[in-house]
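Please find the structures below.
Next come two complexes, and both contain chain A; in the first it sits with chain B, in the second with chain C.
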Partner chain A sequence: MAERTIAWPKFGQAQILGKDTPRVYDGAKKALGLAKYAADMNTPGTLFARLLTSPHAHAIIKSLNVEPAKQVPGVKAVHVFRGVDTEVRWEGELIVAVAAERPEQAEDGLRAIAIEYEVLPHWVDDFDLAGAEAAKITDKGEPLKLTKSQGNQKKGDVEAALQEAKYVHKGTYGSAVITHMCLEPHGSHCEWKGDQLISHLSTQNVSGTAGQFAGPLGIEEAAVSINCEFIGGGFGSKFAADEWGIACAQMAKETGRPVRLMLDRGTELKVAGNRPSSLAEVTVACDADGKITAWDSNHWGTNGTGGGTVSLTVTPYVYDPPNRRRTATGIVTHTGPQRAWRAPNHPQACAYTQTAIDDLAAVAGIDSLSFVRKNLDITGRPAVYAAQLDIAAKLMDWQAKWHPRGKGQNGSVKTGLGLALHTWGGAAHAATCLVKVHPDGTVETFLGSQDIGTGIRTSIGVVAAETFGIPMTSVRVHIGSNKYPKAGPSGGSTTIGGVSGPVRRASQEALWQVLDKVAAKHSVDFATLAVKDSKVWSGDKEVCTWKQACSLLGPMGIEVRGEGPKDDGLTSAQVGGVQMAEVEVDTETGIVRMKKMVAIQDIGLVVNRLTAKSQVLGSLIMGIAYALSEERIMDPKTGRFINADLENYKLPRIGDVGELVVEFYEPESEYSRGVIGIGEPPVISPGAAISNAVANAIGVRVPILPLTPKRVLDAMKGA
Partner chain B sequence: MAKKRIVSTTINGDVTEFLCEPRQTLLEVLRDTLHLTGTKEGCGNGNCGSCTISMNGRPVTSCLVLAVEAEGADLRTIEGVARGSALDEVQQAFLEEAALQCGICTPGFIMQTEALLAENPDPTEEEVRFYLAGNLCRCTGYDKIVRAVLSAARKRRMTAEAAK
Partner chain C sequence: MRNFEYARPDTEAEALEFLADHQGQTAVLAGGTDLMNLLRADLVQPKRVVDLKPISSLREITAMDGGVKIGALVTLTELARDPMLADYRSLIDVVDGVRAVQVQSAGTIGGDLCHLPNCWYFRNGYGLLGIDGAESLVSEGDNRYHAILGNQGPAKFVNASRFAPSAIAWNAKVRIIGPAPDQAEWVPLEYFYITPKTNGQGNTILKPGQLVSHVWLPDPGVLTSATYEVLQMQGLDWPLASASATLDIENGLVREARIVMGHVAPVPWVAQEAARFLLGNPVNDDTAGRAADMAVARATPLSMNEYKVQLARTAVKRAVLKAAGQWEGVNLP
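And then the complex of A and B:
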């Protein structure tokens, strides 16, 4: 029945919302190879750019002559990023871009450039804090900087609590720097039409990048058109126009030709972002009952030349004991700068917190699951975690499989179990949706948003189709252009709430306008009207078809705008999740094999079950990746990122992930919380859960992620 | 600069001639010269499988094939998989089972799956994981890809049965 209240359908009454909906709008294009990504843009006359990057981690450019490049056949433009006397601060930093008729000619152009560097001493080791302190290395003419974290990091009385504690555990933990490794690198295709810049940009931020082009190019923001129909992964690294994007636009302007500039794989990994490392010396204590009483931690790591490390705001992770102290030192390294990486700070904090706590449980002789249960009262979502732990334990068959640490089967291959908890916000970002209802009953939605692979197009269609009671195929969804109403960047799991709220609001208001016409025309009470199966109903009586109803709108149809977020219950924030891992460790080779992961995720109201589940599954492999294999390896001698390619930067393959079990925690109480984003939270727990499982299997902690065979064997040798 | 060569091939059933430099890869020619951009580039060195196509019935990573090597070859790319505008069983299964997210790895996975099913119409889960190990995906969790491949195989076998 039509009520003039903005709300979701009542629990259990939705037609499409919350069901499994395949990607009706763009899935076929992807499967057919017809989806166009930035690197696929190739309008007539397109020039192709290649980049000269620094082979040194730290150097001054002493001389640079790009003139010979301009003479190379096919070369049309040369763009200098960094000239003579510039201090280059990491390997891969961009020096020159060359655009030519063919990529090989651009490469010929690069080879013709004459450049000389004065190589300076570098520092790339983020694990060795003492070494960084002792190294007499300068950066920007000053001694290598170490930054201490500021602010009030203390709570309670840690010393006294450690004195009083029954069990105290001390250990070192951490995780290495990793990259985003989007399968489509960063880049764009730029073309000018008169004074208009048309950029096909691989971006998570369609509505927010025009100004980043306009400023440096000295043009009006209104003259910039940003287009991104498809993007091959971003994971937090693609929010900006970036200097290479601006160079692309500049070279296009200069030559009067379209230019395509995509980073090559190696450069991508060196310059386009990474996740900071975080090492920690942790002391953690509990009382005789296993209640955590104190946390004391000292952190270090790097985010590149910025000299930061993880933020301590979520340390210790999930648990908030009465006494805590935490300090951090960021190390300046001559490495590329960090960017937001799926759930910034959380995976690292989860990894060092929940491994340390699991070790404390082992010291106290309490099994991991009971220990976690005893401490749920110092988490933000005790009831949710408790319920999720029960579900997860059942799906994992925890009780039957559990053995105390290191006390599993004999033989060289050992199995183990581990678990971890996580939390995330996932509130809606700001966005506006324009909904058009045409006189023939078809509907269009417009949002300056982007589909970073999550299936947001389909989710928008689900919400509109649900609201109007029409099939998804009667809704056309438009995103991917900054000329549509503004929508926030896709980061922080904010998009699903960000777009579904405004789409629902605009659609409901448009629906009411249609139903007002129907009520007047057919002399029925508005309050009795409802839409379903492309028909308008009064109670169980069919009044007219949806198409007939829309014909009452007149030849122009209607347009309605919906905004968000609003405080009307369509969206909210804060979720918790529990994950359990089962691994098999070959103690002779040090190889860890995933047997099974169970992920239980609190999600609020599910818009599209199929794609929501994909977010969790995708998170699990990304988690398995940083837990077991992927890391940036810097060569201390040359200062180079020596595994910056897809052969030596190890990602899990399809046979490496084991069995993945995903369930949402969604009692009615969750549904009524409205839509909450969950693209990030499930990527947080795998590091700790898998590390705990490995410790359970082999009886010792492998302190640093990823748990490579070498680290596993080293840990066992040390034991 | 080396002289350009004319290469004659059959691509997706059509006789196709193209001009290329000896140093150009087949991937580059497909994408930039012939505008068959469904074949993607993830790494350029044979490690991600995004550029997988079929060459004389065998799956190859086209970034590791020189365009001149395609002389006389029968090539099939993702654009040639569908029957007209209708998705084939593999494409349909990838769509229905949500085995694609950002979609950049999808053409490569589909081409490798086509090769698998041509060789082995009834693969086990283990065989699927083994055969697709050269293809990387950063988004999907792989799980749904395995389900999609198995379901496509089932459907294709059923269609073949029915046709007997």
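And then the complex of A and C:
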């Protein structure tokens, strides 16, 4: 029944919302290779760009002659990023771009460039704090201080609490730098039509990048068209136009030709973002009952030349004991700069917090699950975690499988269990949706948003189809252009709330306008009207078809705008999640294999169950990757990112991930909170959960993620 | 990728002529799974690429001299499916271990045997030895994947071939043809590989204008064999260490044994003492473990790769047990 109230369908009454909806608009296009990514754009006359990058971690460009490149057949443009006397501060830093008729000719052009460097001493070790403090590195002749305090905060009386504690544990925990490893590298295809720049940009920020082009290019923001129908991964690294995007547009302008500039794989990994590392020295204590009473930590790591590391504010992670001291130091390294990586700071903080706490549980002789349960009162969502732990334990068969640390099977292969908790916001970002209802009953939605692979296009369709009571195929969803109403960047798990609110609001208001016409025409009470299966009903009596209803709108149809976020209950924030991992460790090789992971996620109201579940599955796989195999390896000798390729930067294949079980925690109390984003939270716990499972299996803690055979064997040997 | 001339010979002799024309500045294209990477990274700069694919003699598997002759262009998939090769279990184990269907169907045995090292210093342009000026980058840099044996000279990379350990454990020979069109010679595979002292020496005895045309394996008879590769990942991944064993067991006792380790040294590493120890002994956890200890006893790990000694040891132990039919796996997927 139509009520003039903005709200979601009542619990259990939705038709499409919350069900499994496949990607009706773009799934087949992607599977068939018909989806056009920036890397696929190839309009007539397109020039292809290639990049000269620094092979040195730290150097000054002493001479640079690009003239020979311009003489190379096919070369049409040469763009210098960094000229003579410029300092390069990480390997891979861009120096020159060359655009040519063919990619090979652009490479010939690069080889023709004469460049000389004065190589300077570098520092790339992110875990050797003492070494960084002692290192004598100069920056343009001046001594360079490599360590930067990131703060020192205290709450309660840590010393007294440690003295009074029954059990005190000290340990070291950390995680290596990883990259985003977007399948489609960063880059764009730029083309000018008169004074208009048309950029096909691989971006998470369709509505927010025009100005980044306009400023440096000296043109009006209104003259910039940003397009991104599809993007092959971003994970937080694709919010900007970037210097290579501007260069692409400039070379296109200079040549009067379209230019495509995509980073090559190695450069992508070296310059287009990474997740900071952290290594923490932790002292954690509890009383005789296993209640955590004190936390004392000092961590360090790197985010590149900025001298940052993981934020103090999430330390310790999820748990907030009464007595706490936390300090951090960032190490300046000659490495590429960090960018937001799916749930910034949380995975690393989880990895050094919940491992230390699990070790404390082992010291106290309390099983991991009971220990966590005892301490839920110092978390932000005790009741939710408690309920989630029960569900997870059942799905994992925790009770039956549990054994005390290192007390499992005989033989060389050991199994183990571990768990971790996480939290996240996921509030809606700002967005406006334009909904058009045409006289024939078809609907279009327009948002300057983007589908970063999460299935947001489908989710928009779900909300519109649900609201209008029509099939998904009667809705056309338009995103991926900055010429549509503005929508926020896809970061921070803000998109699903950001778009679903405005779509619902606009659609509900449009629906009401249609039903007003129906009520007047058929002399029925508006309040009795509802649309279901493309028919308008008054109670259980069919009034007319949806198409007939829309024909009442006149030849122009209607347009309605919906905005967000609003305080009307459609969206909310703050979620918690629980994950459990079961692993098998071959103690003769140090190889860890995933047997099973269980993820229970608090999500509020589910828009599309299939895509929501995909988000969690993808998170688990990404989590397994950083827990077991992927890491940036900086060669201390050359200062180079020595495994910047897809052979030695090891990512899991489907055979590496084991059984993945995903369940949402969604009683009516959660449903009624409305839509909350969960793109990030499920990627937080895997590191700690898997590390805990490995410790449970082999009886010793492998301190640093990823848990490679080398680290596992080294830890076992040191035990 | 730089421009190059593409040549497509129909016969071995023609191939050698194409190679001779641009001596030293040619590359041989077999399956191409690695050559394309090398070309893109500008690590090889051939003026001419000679594509062997049309040469039918290089694709055949035939009986020869009390054994089987395998053309260098036989793909991994063909190798695993050919009934004549079904008893060379250690080779089939390698095909299984490659796991990537793309590499199995495009990659060739000849290409694998001649595969250049995966050493990341080499792949980043520091030459086969990973040297910058006079310094060994490997010694002082990140050598987690480098050699633990035979690494006292300037070469510290590990031989990348996955088939070489098993083939050498079978006493395989390779047929080297060229540089003259009528030149051909069979060489034990064990002596095919060299540990270079300079970047220019290469890691095999192949001279400019030569190529590997065939591999020969003796009849398996009653011998059994197995390969165990320590693979971190379930997908395409290079072994951290591997070992192949070929055994003759009569009445429960080992009469003949060959054990060869891979990915531990600049050349496939024949573990003679380990094999000798097994003679006259039964194969069990204890003897296999003791043989494995001997195989790595002289290891000289670098600054970051001591763990590989344990991996090599495990590979030998499991390869021996597996060859004797006593390895049931570690119940891993």
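Operating definition for what follows: the second predicted complex is superposed on the first by the 708 of 719 C-alpha atoms of A that agree within 3 Å, B and C clash if a C-alpha of one lies under 4 Å from a C-alpha of the other, contacts with A are read in each partner's own complex, and residues count from 1 in each chain.
Following the convention adopted for this analysis, contacts are C-beta pairs under 8 Å (C-beta built on N, C-alpha and C of every residue); 3 or more make two chains touch, one makes a residue touch a chain.
Keep in mind the model is a prediction, meaning the values are calculated, not measured.
Peer 1: If we overlay the two complexes on their shared chain A, which of chain B and chain C does A:Asn643 touch? Say first, second, both or neither.
Peer 2: Second partner only.
Peer 1: Touch check for A:Gln71: first (chain B), second (chain C), both, or neither?
Peer 2: neither
Peer 1: Where does A:Thr5 make contact in the superposed view: on chain B (first), on chain C (second), on both, or on neither?
Peer 2: After superposition on chain A, A:Thr5 lies in contact with neither partner.
Peer 1: Give one of first, second, both or neither to describe whether A:Ile633 is in contact with chain B, with chain C, with both, or with none.
Peer 2: After superposition on chain A, A:Ile633 lies in contact with chain C alone.
Peer 1: State whether chain B or chain C is in contact with more residues of chain A in the superposed arrangement.
Peer 2: Touching more residues of chain A than the other partner does is B.
Peer 1: Between chain B and chain C, whom does A:Arg653 touch in the aligned arrangement: first, second, both, or neither?
Peer 2: So A:Arg653 meets both chain B and chain C here.
Peer 1: For A:Gln409 in the superposed arrangement: first (chain B), second (chain C), both or neither?
Peer 2: neither
Peer 1: Can A:Asp586 be said to touch chain B (first), chain C (second), both, or neither?
Peer 2: second
Peer 1: Would you sort A:Leu713 into first (chain B), second (chain C), both or neither based on which partner it touches?
Peer 2: The answer is second: A:Leu713 touches chain C but not chain B.
Peer 1: Just chain B (first), just chain C (second), both, or neither: which does A:Ser523 touch?
Peer 2: Neither partner.
Peer 1: Between chain B and chain C, which residues of chain A are contacted by each of them?
Peer 2: 104, 645, 647, 652-655
Peer 1: Would you tell me which residues of chain C are touching chain A in their complex?
Peer 2: 1-3, 42, 99, 118, 120-121, 123-126, 132, 135, 137, 140-142, 144-145, 230-238, 240, 304-307, 310-311, 314, 317, 330-333
Peer 1: Which of the residues in chain B come into contact with chain A in the complex?
Peer 2: The touching residues are 1, 21, 23-24, 28, 31-32, 35-48, 50, 77-79, 81-82, 87, 91-92, 94-96, 98, 100-107, 110, 128-130, 132-146.
Peer 1: Flag every residue of chain A that touches chain C in the complex, lowest number first.
Peer 2: Residues of chain A touching chain C: 55, 104, 107-108, 111, 412-413, 584, 586, 588-591, 593, 629, 633-638, 640, 642-643, 645, 647-648, 650, 652-656, 658, 708-710, 713-714, 717.
Peer 1: Once bound in the complex, which stretches of chain A touch chain B?
Peer 2: It is residues 22-23, 26-37, 39-40, 42, 48, 73, 102-104, 181-184, 230-233, 235, 264-265, 452-455, 610-611, 613-614, 616-622, 645-647, 651-655, 657, 660 of chain A that touch chain B.
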